[in-house]
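Reviewing the structure listed below.
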Amino acid sequence: MLKTGFLPEETRQKLHTVIYEADTRAGKLFDIILLCVILISIVAVMLESVASIKIVYGHELAVIEWVITILFTLEYIARVVSVREPLRYIFSFYGFVDLLATLPKYVGLLFPGSGFLIAVRAVRLLRVFRILKLTHFVGASNQLLAALRKSQVKIAVFLFSVIVLCIIMGTLMYMIEGPESGFTSIPTSIYWTIVTLTTVGFGDITPITPLGQLMSMVIMIMGYGIIAVPTGLVTAQFMAETPHLNTQACPNCGANQHRDDAKFCYNCGAGLTK
Amino acid sequence: MLKTGFLPEETRQKLHTVIYEADTRAGKLFDIILLCVILISIVAVMLESVASIKIVYGHELAVIEWVITILFTLEYIARVVSVREPLRYIFSFYGFVDLLATLPKYVGLLFPGSGFLIAVRAVRLLRVFRILKLTHFVGASNQLLAALRKSQVKIAVFLFSVIVLCIIMGTLMYMIEGPESGFTSIPTSIYWTIVTLTTVGFGDITPITPLGQLMSMVIMIMGYGIIAVPTGLVTAQFMAETPHLNTQACPNCGANQHRDDAKFCYNCGAGLTK
Amino acid sequence: MLKTGFLPEETRQKLHTVIYEADTRAGKLFDIILLCVILISIVAVMLESVASIKIVYGHELAVIEWVITILFTLEYIARVVSVREPLRYIFSFYGFVDLLATLPKYVGLLFPGSGFLIAVRAVRLLRVFRILKLTHFVGASNQLLAALRKSQVKIAVFLFSVIVLCIIMGTLMYMIEGPESGFTSIPTSIYWTIVTLTTVGFGDITPITPLGQLMSMVIMIMGYGIIAVPTGLVTAQFMAETPHLNTQACPNCGANQHRDDAKFCYNCGAGLTK
Amino acid sequence: MLKTGFLPEETRQKLHTVIYEADTRAGKLFDIILLCVILISIVAVMLESVASIKIVYGHELAVIEWVITILFTLEYIARVVSVREPLRYIFSFYGFVDLLATLPKYVGLLFPGSGFLIAVRAVRLLRVFRILKLTHFVGASNQLLAALRKSQVKIAVFLFSVIVLCIIMGTLMYMIEGPESGFTSIPTSIYWTIVTLTTVGFGDITPITPLGQLMSMVIMIMGYGIIAVPTGLVTAQFMAETPHLNTQACPNCGANQHRDDAKFCYNCGAGLTK
């Protein structure tokens, strides 16, 4: 039943084209309007959190929020009815994101104390990625993701080693500095170690004892040095994507800088003898 | 009328050689003097902003500023009259920069309250780039710019993702920490997230709750890791050999990543239709 | 005597398979249980260090700690008796780590004042690496280590230069700023220089004098720039193709950078004497 | 006169071998002793600057300092007399460094107020580089220096652009934030901009106004991104040093992965047809 959708096939297909595709004029317009509504909604959520603005424009922001929530609800319904397999959409990643874009407001209505849900609305921003998927950015971001995915085991090994290092170093710092310097517990010391190793350096906790400062120097120089590892991994991966051009010259036309795996000359089509 | 300039052709050409070219002795001298005046002017603007210096040397600095403004005004007029198409110069990037180098002083004379214009004079520094354009640095900076331009789509995708990440993470931190820890609003939380993710870490706002500290650690390790992405992109670009490989697929065998100037498939030797 | 072990050969081999190998079901189960116990033990050590938690759950944590210590002791004994050469295990790296995972608790029992030994238990985390050694991560981490090992002389030269730079810069900053600004001694100044050069920037000590701020800017821009060196080294190493090129020169034509396994000069074809 | 030295030729040569060379046993011993004395001297200078240590061990440190100064003076004289051209040594870089290692102590004796010269003694550390020059580190450090030297024009262009950017951004921040937030003058604002752009982030000065925080975010993300430029430059340079190995197979023995510029097979010495 659900597989065939709620609407007549023709209407459903028309709606589907407008909502999910960007090739027609209507589809493009829909995307642009949606993009604007999302951005307005994000700005409204941000402004609402600023106390001084909420006092003055609180009412206007609440109205805008309701209008946007209703628009998103209508859009969600339209998305559900316009696909051939609604359940598949509902339980997809973007299905959940679309639902989370509307739900918090209604939940807040039922349970007045759930004001903390305000921030959940920020996930609306994730919807921007779906719209941009339809643009020419997709090639570049796919390349980025592919390179990251290929080196993910090495990145995992690296991150795991960094975390083990931080736990051991953090425990050592707790032993050395103790609660007097702000290293009140091992978890806090580990927090400080990560702050230091990643070269963030808030300065809310700083070592005071000479030995603690010495250890800090070791941690800082390690952090300064080992950042080379993820960088090297990702760079090597980015470059491995491009086939190397060699200095071999074509025996027929003399053109050079062929791909390493070239069998024929790119310029005259003659076979390359290897 | 304006196209032919205000001066007799011969005088105009002589002036043009001195001002716009650096091959003759006079042209080189002009450039060096201009460079010195710009640097003196920048130093004067800086010193004027230091309260203790302004009290003692305020008068001298004001005189220097006036002398420099008049020199720049004369130079601006000379530049306008010495080009064949003055309007084109006036509305060019450097035309605006040259005008902004003189205008604020005169505006400040007419409207005494416009002291904030003081800083506009810092744009004078941009003029240094024009002078250096004439040196041997131009090759290196062109290479740098070319590499950055080629990877600009990827850099844009990366920056956009980082900003979306910061907005979502910032909202989460606002939910977790709340106004008591200094996370007074979502924009402030986003500011803190960017401070943390970029590993700057001012320490003006720091998380206090255990959950907030845990989130911070995640943000810091992410920031530490994803810096590899722009680095990898730019490095791969710097190293990419000059004949760019494109995404075109061979109509015969389907192999892709051919040289941009390829006429034949490197794999099967078939002609590539462009 | 010790070489043959404490147990009948058959029992010993069975135990060895369970403890040291992960191919059988029992071996896999043993590893997973051990991993869980280690992680529970690390979490317990962390929680114990948080004052508010220790007050409430101190007793429970002490019990957990004793159970884990006994488990680790039994495991240590099992490891000793199940290998063919117990002494070799006892004096290996992991032999020490395993001993350190149990010993502090017993020492703390004998000498009540040795509470500082608490943190030694964090070395238990190192045991995780042995378990993971049996997974598919080993390839990736070996590649990482190999790349780091190959560039270790260059990394050592780099680190040594950075440390010398920090000592000289730190002494200069001590001369410039003096104890009034927090640069109370040369070691403290060196600590500040490392904090600044590695771009950590705690802010516990900051320059106040104009000259000190100028020097800081130089140090910061240097730190921002020279991070490129380790990154470049490691990246180049990651990308270096497997047949390493050495510095050997051809006895006939003098060409160098031959493959490590080269028998003939790539340039003149003469034999290379190794 | 000076060209022939102060000593009989034979004695001079013997002394020269001991002092300047490391191949003989005496030469190696001399280097090791010198290295120890330098390190002791640096540690003594550091400890002397720590107030609490100076009070207790001030006398001992003064004695050590005098002994070391006399040793260095003797060494300096020995170096002068043992070279063939003393003047050339005296006016060389290391000649000055060696002189600066002894002079401050004598100057401090003559002019009691010149305590600030204390730090000049830290240049002694530079002498370590001369000693290490004789080890196997020299290859690695030469490679590092060569790579840096080759990309120095690009690095200069990059640094110059960063500095211009910091001056303009710093002036803007001074306009936006003003003295109330700690941006007391344009130089201070530039200092803050460099602290932020290089991701150091002391936190001694932080923006307070929303516009200032917005600008900061732009500066931070720029700083986070453009660090890719020096890294990419240096990495590309490091990798350009290694000749690429291609997939070409030897027509005689079938070995592959030859250098791109190989004319002969590394394995069998047969000519490679290109």
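Think of it as A, B, C and D in the order they're written, each chain with its own count starting at 1.
By our rule, a contact is a pair of C-beta atoms (placed from the backbone, for glycine too) under 8 Å apart; a residue touches a chain by one contact, two chains touch by 3 or more.
Fair warning: this is a prediction, and the values are worked out from it, not measured in the lab.
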item: Remotest chain, subunit D as reference, centres from CA atoms; value: A
item: C-D or B-C, whichever has more C-beta pairs in contact; value: C-D
item: Residue-number overlap at the subunit B/subunit D interface, same or different (half cut); value: different
item: Gap in Å, rounded to a whole number, between the CA centres of subunit D and subunit C; value: 27
item: Geometric centre distance via CA averages, subunit D-subunit B, whole Å; value: 31
item: Computed distance of Cα centres, subunit C from subunit B, in Å; value: 41
item: Contacts with two or more other chains, residues of subunit C listed in rising order; value: 187, 190, 199-203, 223, 227, 231, 233, 235, 239
item: In the complex with subunit C, residue positions of subunit B that touch it; value: 199-203, 231, 235
item: Interface residues, subunit B side, partner subunit A - complex; value: 153-154, 156-158, 160-161, 164, 167-168, 171-172, 174-175, 179, 184-187, 190, 196, 199-203, 206, 210, 213, 216-217, 220-221, 223-225, 227-229, 231-233, 235-236, 239-241, 243, 245, 247, 257-259, 261-271
item: Sites on subunit A touched by subunit B in the complex; value: 42, 45-46, 49-51, 116, 118-119, 122-123, 125-126, 128-129, 132, 136-137, 139-141, 143-144, 147-148, 155, 159, 162-163, 187-188, 190-191, 194-195, 197-204, 223, 227, 230-231, 233-235, 237-239, 242-245, 257-259, 261-271
